[in-house]
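Both complexes below contain chain A, partnered by chain B and then by chain C.
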Partner chain A sequence: MIFLAPATLGFVVFYIWPTLRGAYLSFTEYSLLSAPEFNGLDNYDRMLHDSFFWNALGVTVEYVVINIGLQTVLAVGIAMLMYRLTQSITVRAVILAPYLVANVVVALVWYWMLDFQIGIVNQGLTWIGIDPVAFFGDSHWAIPTIAGINVWRHMGYTALIVFAGLQMIPKYVYEAAEMDGASELKTFWRITLPLLRPILAMVLVVTMIGSFQIFDTVAVTTQGGPINATRVIYYYIYERAFTRFDFGYASAMAMVLFAILAVVSLLQLRLLRAKESDLA
Partner chain B sequence: MNLSRRTLLKAGLAGLAASAVAGCNNGAADRPAGEISYWLWDSAQLPMYAECAKLFQQQNPQYSVKIEQNGWADYWNKLVTGFISGTAPDVFTSHSSKYPLFADKDQVLAIDDFVAQDNVDLGIYQKGLADRWIGADGKRYGLPKDWDTEAYFYNSALAEAAGISTEQLNSMTWNPQDGGTFEQIVARLTVDSKGRRGDQSGFDKDNVKVYGLGFGDAGGADGQTSWSWYAATNGWKYSEGEPWGTKFFYDDPKFAETIGWWRGLITKGYMPTLAQAKSGIDSSATAAFGAGKYAITPNGSWMLGTYGQLKQVKTKLARLPQGPNGKRMSMMNGLADSIWAGTTRKEASWAWVKFLGSQQAQDIVARAGVVFPAVTASMPAAKASFAKAGWDVTPFLEPVEAGDVFAFPANPNAADVSAVMTPAMESVMGFQSDLGSLSKANDDVNQILAANS
Partner chain C sequence: MRTRLNPGRVVAWACLIVLMILTLFPFYWMLRTALSNNTQLSGHPNALLPVETTLGAFKRVLGLSSVAEAQAQGGSGASVNFWLYLRNSLVVATVTTVCQVFFSAMAAYAFARLRWPGRDKVFALFLAALMVPPIFTTLPNFVLIKNLGLLNSFAGIILPGAFMTPFAIFFLRQFFLGINRELEEAAMIDGAGHRRIFFGLILPMSAAPITTLAVLTYINSWNDYFWPLLVGQQEQVRVLTVALGIFRSQTPQGSPDWAGLMAATLIAALPMILLFLAFAKRITNSIGFSGIK
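What follows is the complex of A and B.
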């Protein structure tokens, strides 16, 4: 008990209490600078009619799909390459490197490199004869660009987890497959991927929760623009709470996001049967 | 050691309580007596305010000033967090777009009694500046410290290459139909990838190398450095009852006409698309200007230092154009020092604010040549130091001397108004909505005002 106390205290003070307080505030009108006033379900009702809220949800889902899709495929690819080609610690370290740089720094460096007028990427594109692209300024490109930056930062880390999962698959399964004359591709689809499922389920749940909470990259680059193209849900919540002093409404949106994440995670765990392995 | 659960809990609670107590009243209890905490956001102004603090301390040995500087974006977040948690500074630099809300929420101290008690002469400030700090409730919330207007920053080498003289640049006219001589000059300054100018036949507007006019954003609710002077000289006003707008006029045909002309420059290829302008780190278009990609960029006087650091281009200043009403108009905005309502050191805070609002302090500010001081008598010193840095700042001063200035649209709901107008303006400038959509945005804005009044 004693040893649990510090962690429990931290959990109660920094998680349980803020969550309960947030749930309460979501039923109030609260400007941060004066006392909260109870207003029942008003905030939730407002949300239904708030086109910015629905837009934010849509934009967030677009981000999550691109980010998770790309990241998972690339991570599995990198992990396979590492597994088959090299066991080098140096390579692993290099692959992990982007993850060790702070989010904001990564975002700003890319923001600079992808600048339309003065960025090195567009200079390069022009040089090989392609028209420069307004990566952050074009409504269609902005979310894929931000998703791409975060894929770049996270894929190495995810790859290492998948790599650890690969090492857990017993060698004899592969030997058996080889004996049966299964092709490389078939082995991957029929053996590697199914046996990776528990790891992939864990990776998907964790990265998906993280990716729904995309905020910092948006905050230091597009700040929701152009127009509303990158106003992701977390950024919208932040704007409402801290620049527009609409803390009650922001809390209500945070509660909805919480509910969405809980449902999505449960579904994923269920559908991917994360607790069982096919090895048994 | 045998710790019981109860002891641990007690210790934990005591710790929390202690930190909570220390957090109250911006830790006044822990700070040396007579110390005033003061915040500002402009790092370029930190040295001169440190000098002011030194002089203030010499004259008032019972007080000392502790200055903290945070960049613009962090500044307001920290300030608001400070208001809520009781850790805000005693005195802080305030902006006319921000203080109405703070005043509305009782976070800024009204200084009327102090001003009356000390007989502060408000006549020493540039005309109109002191009154900007009288809130919607008629109370005074700060003493002015500096002011700013807009002008064109242009690349003099590109102007010379285009055969455009300084006189031409300083006598430009503008109207929303054909853009006047201003648009002619902008067209002339625009060069495509084959070296053809915007006013020459065969000009390829899809492959432009140098844009005549650059811009950083769509202007949002105020258009301070982008469209405000065009709209103003076209006879448009932001709102009824300026500056305390109760009803906004973004649906006025005069406004739509102005914006329609402005975005027309994109169609003609004289100005980059919004996507290009907004795509990247260069939010105020100064870096692209510095790389020689824009011939002219409008901007505020507070940017003089930034433009001064651009080494690849030679930058000069030109007047804003004369509009349909026959005037050259600019927005005039300013900053002030305000006292936090929660301070326990009101007398000391007021002494510092009063000192910063005096000519003695503003002379120090003026000599640094970073901003224009609010005290009229301090202006010559500022002009001299700008001249020393190679700037003839006349284009910024003329509208003020002529009285052809208008105020930043102040409003306690500024953040909500901006949340509507920023995407609305971007949508129009990005050609995703037509000009008629501004009426809808205006309805939204007025609904917000009506709901909160």
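What follows is the complex of A and C.
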């Protein structure tokens, strides 16, 4: 039993207990200075009327949609390219590289490359005759920019998972398709994609849960601005808790985020029938 | 699978190469900027090589140059000491990884091999914890660490991740389940207890997955930002990611110290790049295997 003792201690103290306590705090008013005071559903009621909260949700959803859409398409594309062209571990390692450096590092490098005045990207745009874009300063561009940066960091990782999935599709399926004279495109849409479904479903759920929790990139670049254009839900919770010391309200919002994630994951898994494979 | 060159393959290769360049270019740009003289950067924004190549930016962020020197090269002159932050990151990532992997391996062994009532239910509970978004537990954890008086201490940064993660237990349990039981039974007949089987048999036989897990844990811990931002802002325990955020917010708005900032990001990224080069094959293959993380 001694084997289980340290892990159980950590689990109870840093997972179970805070989960219960977080749920309790969400029904309280708590500023860290005095004991939490039970206030029923006040926090949730307040959330309903908090335009910042709704804005944060909206901005987060916009981010999630752009991020997941772009990332999934690119990752499947890269995985297909690698699958058809090369098994090289070097190529895979290069593609994966961005995933290994910190979000903060990635955010700062792109913050520099996308600088309005002397960033290399805007230099390139000017060179081909396009007006420079205020990637972080323009409220329409800020969220797509942050989504793009994170796509750059994660697409290789996702591509490798899809790549592993591609390798599990038996060769005879393709041989049969070729014998029937199916075109490359048709093979992709009719065979590869449906057979990838279980893996794709997994990838979608995991990336979605991850992207709802976007924080690092926002924290070191825009810090929620311009105005409220990038105040995503995680960042808003963070601000409420750690600059306003409004722990009760922050916990209530975290609770809602938790619920949203649970519902969306279950829906996705159900809709994509993640557990069944068409191969069976 | 060698086939003759055809137009389709050429286009496909071109796409892949463009993607690889897109992946690598920001790394190069980081290096190019870090080696430049910051005062000259704005004059040559699209020079592909470093502008007035100098190690000044590195000296500046490592706290090795005087205020006057730093300012002459476009630094803010504020004192930053990335040596210290580097050390802090090393301490945090190393202790977290060693403890987390070791304790998780012990628990994984208990779940894979020992027989006790309710084992599978408890394991399911551990897995369920994967579903809880970190911020939900982070707020109460912060309160706990604060009440324990551990804010701005290594203990405060390390403790929550030191004992286990559900993923680590899950990952290792899979491997332990696959180990041949006969060896253990033979050892048992020879009178070895669980302790000896674990240390003498299971751990050595799982050296490969344990290394993979340790490398992944190390990278995650090194790159973590949110938790150390909350509990470890003070200089003596500040890790690289937090230091970068602070450095970025302190650099003057009008004339940011891009060279210094890039030198600092490179210092933060380099150990991970080296670790990756050393374990590239293992890391890349593990992603195919474990499916999710």
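Just so we're on the same page, the second predicted complex is superposed on the first by the 271 of 280 C-alpha atoms of A that agree within 3 Å, B and C clash if a C-alpha of one lies under 4 Å from a C-alpha of the other, contacts with A are read in each partner's own complex, and residues count from 1 in each chain.
Just so we're on the same page, a contact is a pair of C-beta atoms (placed from the backbone, for glycine too) under 8 Å apart; a residue touches a chain by one contact, two chains touch by 3 or more.
All values reported here derive from a predicted model rather than from experimental measurement.
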Room on chain A for both chain B and chain C (clash or fit): clash
First (chain B), second (chain C), both or neither touched by A:249: neither
Touched partner set for A:139, first chain B, second chain C, both or neither: first
Chain B versus chain C as contact partner of A:53, first or second or both or neither: neither
Touching partner for A:93 - first (chain B), second (chain C), both, neither: second
Contacts of A:1 with chain B and chain C, given as first, second, both or neither: both
Partner chain in contact with A:112 - chain B first, chain C second, else both or neither: both
Touching partner for A:63 - first (chain B), second (chain C), both, neither: neither
Greater chain A contact set [chain C / chain B]: C
Partner chain in contact with A:33 - chain B first, chain C second, else both or neither: first
First (chain B), second (chain C), both or neither touched by A:235: neither
Residues of chain A at both interfaces, chain B in one complex, chain C in the other: 1, 9, 13, 32, 108, 111-112, 115, 117-119, 242
Chain A - residues contacting chain C, complex: 1, 3-4, 6-11, 13-19, 21-22, 25, 32, 77-78, 81-82, 84-86, 89, 91-98, 100-106, 108-113, 115, 117-120, 123-124, 127, 152, 156-157, 160-161, 163-164, 167, 184, 199, 202, 206, 209, 212-213, 215-216, 219-220, 234, 237-238, 241-242, 247, 250-251, 254-255, 257-258, 261-262, 265
Residues of chain C touching chain A in the complex: 8-9, 12-13, 15-16, 19-20, 22-24, 26-27, 29-30, 33, 41-42, 45-46, 103-104, 106-107, 109-110, 114, 116, 126, 129, 131-144, 146, 159-160, 162-164, 166, 169, 194, 198, 219, 222-226, 229-230, 240-241, 244-245, 248-249, 258, 261-262, 265, 268-269, 272-273, 275-276, 280-281, 283-285, 287-289, 291-292
Touching residues on chain A, where the partner in the complex is chain B: 1-2, 5, 9, 13, 31-34, 108, 111-112, 114-119, 134-139, 222, 224-228, 239, 242-245
Residues on chain B engaged by chain A in the complex (per definition of touch): 3, 5, 8-9, 12, 16, 76-77, 80, 83-84, 101, 105-107, 272-282, 287-288, 291, 293, 415-416, 419, 422-423, 426-427, 430, 432
